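Starting off with a structure, shown below.
When the chains are written out, they are named A, B, C, D, E and F in that same order, and each has its own residue count from 1.
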Amino acid sequence: MYTVRVRDHFMIAHSFRGDVFGPAQKLHGATYVVDVEFRSPELDADGIVVDIGLATETVHKILGELNYRNLDDEASLKGRNTTTEVLARTIFDRLAAAIGRGDLGRSAKAIESLRVTLNESHVASASYEGRV
Amino acid sequence: MYTVRVRDHFMIAHSFRGDVFGPAQKLHGATYVVDVEFRSPELDADGIVVDIGLATETVHKILGELNYRNLDDEASLKGRNTTTEVLARTIFDRLAAAIGRGDLGRSAKAIESLRVTLNESHVASASYEGRV
Amino acid sequence: MYTVRVRDHFMIAHSFRGDVFGPAQKLHGATYVVDVEFRSPELDADGIVVDIGLATETVHKILGELNYRNLDDEASLKGRNTTTEVLARTIFDRLAAAIGRGDLGRSAKAIESLRVTLNESHVASASYEGRV
Amino acid sequence: MYTVRVRDHFMIAHSFRGDVFGPAQKLHGATYVVDVEFRSPELDADGIVVDIGLATETVHKILGELNYRNLDDEASLKGRNTTTEVLARTIFDRLAAAIGRGDLGRSAKAIESLRVTLNESHVASASYEGRV
Amino acid sequence: MYTVRVRDHFMIAHSFRGDVFGPAQKLHGATYVVDVEFRSPELDADGIVVDIGLATETVHKILGELNYRNLDDEASLKGRNTTTEVLARTIFDRLAAAIGRGDLGRSAKAIESLRVTLNESHVASASYEGRV
Amino acid sequence: MYTVRVRDHFMIAHSFRGDVFGPAQKLHGATYVVDVEFRSPELDADGIVVDIGLATETVHKILGELNYRNLDDEASLKGRNTTTEVLARTIFDRLAAAIGRGDLGRSAKAIESLRVTLNESHVASASYEGRV
């Protein structure tokens, strides 16, 4: 299995509902350094998993829809805690949809699965991985 | 599959038995920077894999049982080489037991597997992963 | 010159005033991974620059006064843009005051200067350094 | 499952054929920081996955066959784009052959799979993993 | 003293002349992960050392003049070994000129010095720092 | 000012004397990931601060005198706490002596100062810097 990984980041404000979150129930924020892994069992004729230029642009555009926002005000995330886990899944779903639409080009058709990791500090991260 | 990762460290002395270890047969030591990954197919109602506060505390307590020790003198590790691989498994087993006892709370019940990685330098690490 | 460095982090929401900030004028947030460097020309009789336990606790307490907050609502920061540079200086000033009060103990008396670095992502940071 | 990881690097020149590569069609180069993961379900009697000394030497020797070269001139890579993905696979194949020849010693016999990751910058990497 | 740091990278081919370089006398290449530090004793009215958007763009443009090239063919570098040290100085000089031309805007006028670091692997880097 | 940095590591056991060290008074150990910075105002005719091959070898040899040891038994360190600060100074002194003896070759004659940093974990380090 081949994997290609690209890194980018976004910076948001949010708050959580639920006693388990303690002081994180207050409005605070985070930088998420995001690693997206694209997995494919075969390479295309050019010798790549995916056009890394298109992959980088698409990831940047998807993160741009969240960047510099207060996630408590985002209609698309209403009624949910925007935990690192939930955001990893949100980005996974949007990226899977982009691949489905053909945004990542011809070579992306062989992509079998994705893993999206959000590093929230030097000591914690969360990921979601699944088939596309 | 969702993954949450937390990082901590511990510092120990030890020595190895066996020609394969060369100069590491002498008493020396290591800092292990430890990454623990908790994996679950679903999130709980709060949108998390595990209460990260409880997870961090539990990992810290388990590492604290080894921290600032000479592992050659530890009764629980007697008769074994405390290689990075063996220590990764030891911490995995203790953490799996803690989850079994309910130390990580309600949300931890859905945890299917753990991966414990010990980074021993900028160029080497070892992991153990398995179901819990 | 000797330097001791410790690392910790905090997570906040804020917004900036001024066209130069572009989309960062909206409420957003950041994780700051903080490196504090303590510098001294001599070691004490124990062979240290500072009691690293006290240093770690004091840094953690100072970051705790900002952690999980919306900095736009913090009285002590009112009327200023809480840029990474300004926050580095704020933490420097609070830490210098703590050293002045003796919070870092006996060995900290020889500390000549501090450097406080806030890493806001994998591609950007800001620091303030000065004498204490 | 146990994993042992070792890190090394190599530095090469190359160029790519195909419009998808844009400016990388020109002769340029890269540093690849390489992580090799050795995976085994069991430890040997010494408590290890592999003799880390032999593993490090073997990886270094295999990377040495590519280090300080212009890959466009390498007979063994002729007719292929030496993308990060292709190089990850090339190193995987050479390492699998070395294990087959017994270069990694007795303990390496239990190794089930390898993962070879080439980090080409702070924002991109590619891997190949498979059974041996 | 305040410092702002931004990170970017470029990928080149080159070769060295001189016995001291051993196998690096052959055509090979490198990824350089570049950290540029901007230093100023005071912040401007917005609370910044430099418009980080302009700084990032300018650094990217300067690295773009070297990216995806064979430096042995670059007229501006003819007759010199393009060691990591020499490249750090080259980028420093080009960035100092850009600041002189006003490319980094109003706030950059207070910048006293720069440090340019080129990380060529996980184990080596070179820097040039000086006044502007 | 030019700087060249190389990285290596060593692994030791030791214990400390003094209440300030708390549990670190017991025999324990550490991995030190060591960064050595060589600083020079000018480059030599080859365009380098120092022969990086010789620098790497010399650092490796000096760390090798400490590697895989119990520092409590080392005659050259007797009667002192081998804190991270003290070890940074010890390595600095040995490296300065090596430069004085000419071990780093011709180009090293222009080296004005060194900085030796010992990273003992992901959250702590100590350095010593001075003229040679």
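Here, contacts are C-beta pairs under 8 Å (C-beta built on N, C-alpha and C of every residue); 3 or more make two chains touch, one makes a residue touch a chain.
Since this is a predicted model, take the numbers as computed values, not measurements.
Visitor: Could you tell me the least number of steps, going only between chains that touch, from subunit B to subunit C?
Guide: 2
Visitor: Based on CA centres, what chain would you say lies at the far end from subunit D?
Guide: Between subunit D and the rest, the longest centre separation is with C.
Visitor: Determine whether subunit E and subunit F, two copies of the same sequence, contact each other through the same residue numbers or different ones, counting it as same when over half of the numbers at the interface appear on both sides.
Guide: Counting shared over all numbers used gives less than one half: different.
Visitor: Could you work out which pair in D-E, B-F or E-F copies the interface of A-D, where over half of the contact pairs coincide by residue number?
Guide: Comparing each option in D-E, B-F or E-F with A-D, the repeat is E-F.
Visitor: CA centre of subunit A versus CA centre of subunit F: separation in Å?
Guide: 41
Visitor: From the mean C-alpha coordinate of subunit A to that of subunit B, what's the distance rounded to whole Å?
Guide: Here the centre of subunit B sits 27 Å away from the centre of subunit A.
Visitor: Identify all positions of subunit B at which a residue touches two or more other chains, and write them in rising order.
Guide: 7, 122-123
Visitor: Mind pulling up the subunit A residues that touch subunit C in the complex?
Guide: The touching residues are 7, 9, 11-14, 23-24, 26-33, 67-70, 120-123.
Visitor: Which bits of subunit C are touching subunit E when the two form their complex?
Guide: Interface residues on subunit C, with respect to subunit E: 16, 18, 20-22, 80-86, 88-89, 117, 122-130.
Visitor: Under the definition above, what is the set of subunit D residues touching subunit B in their complex?
Guide: My answer: residues 1-8, 43, 46-49, 51-53, 105, 107.
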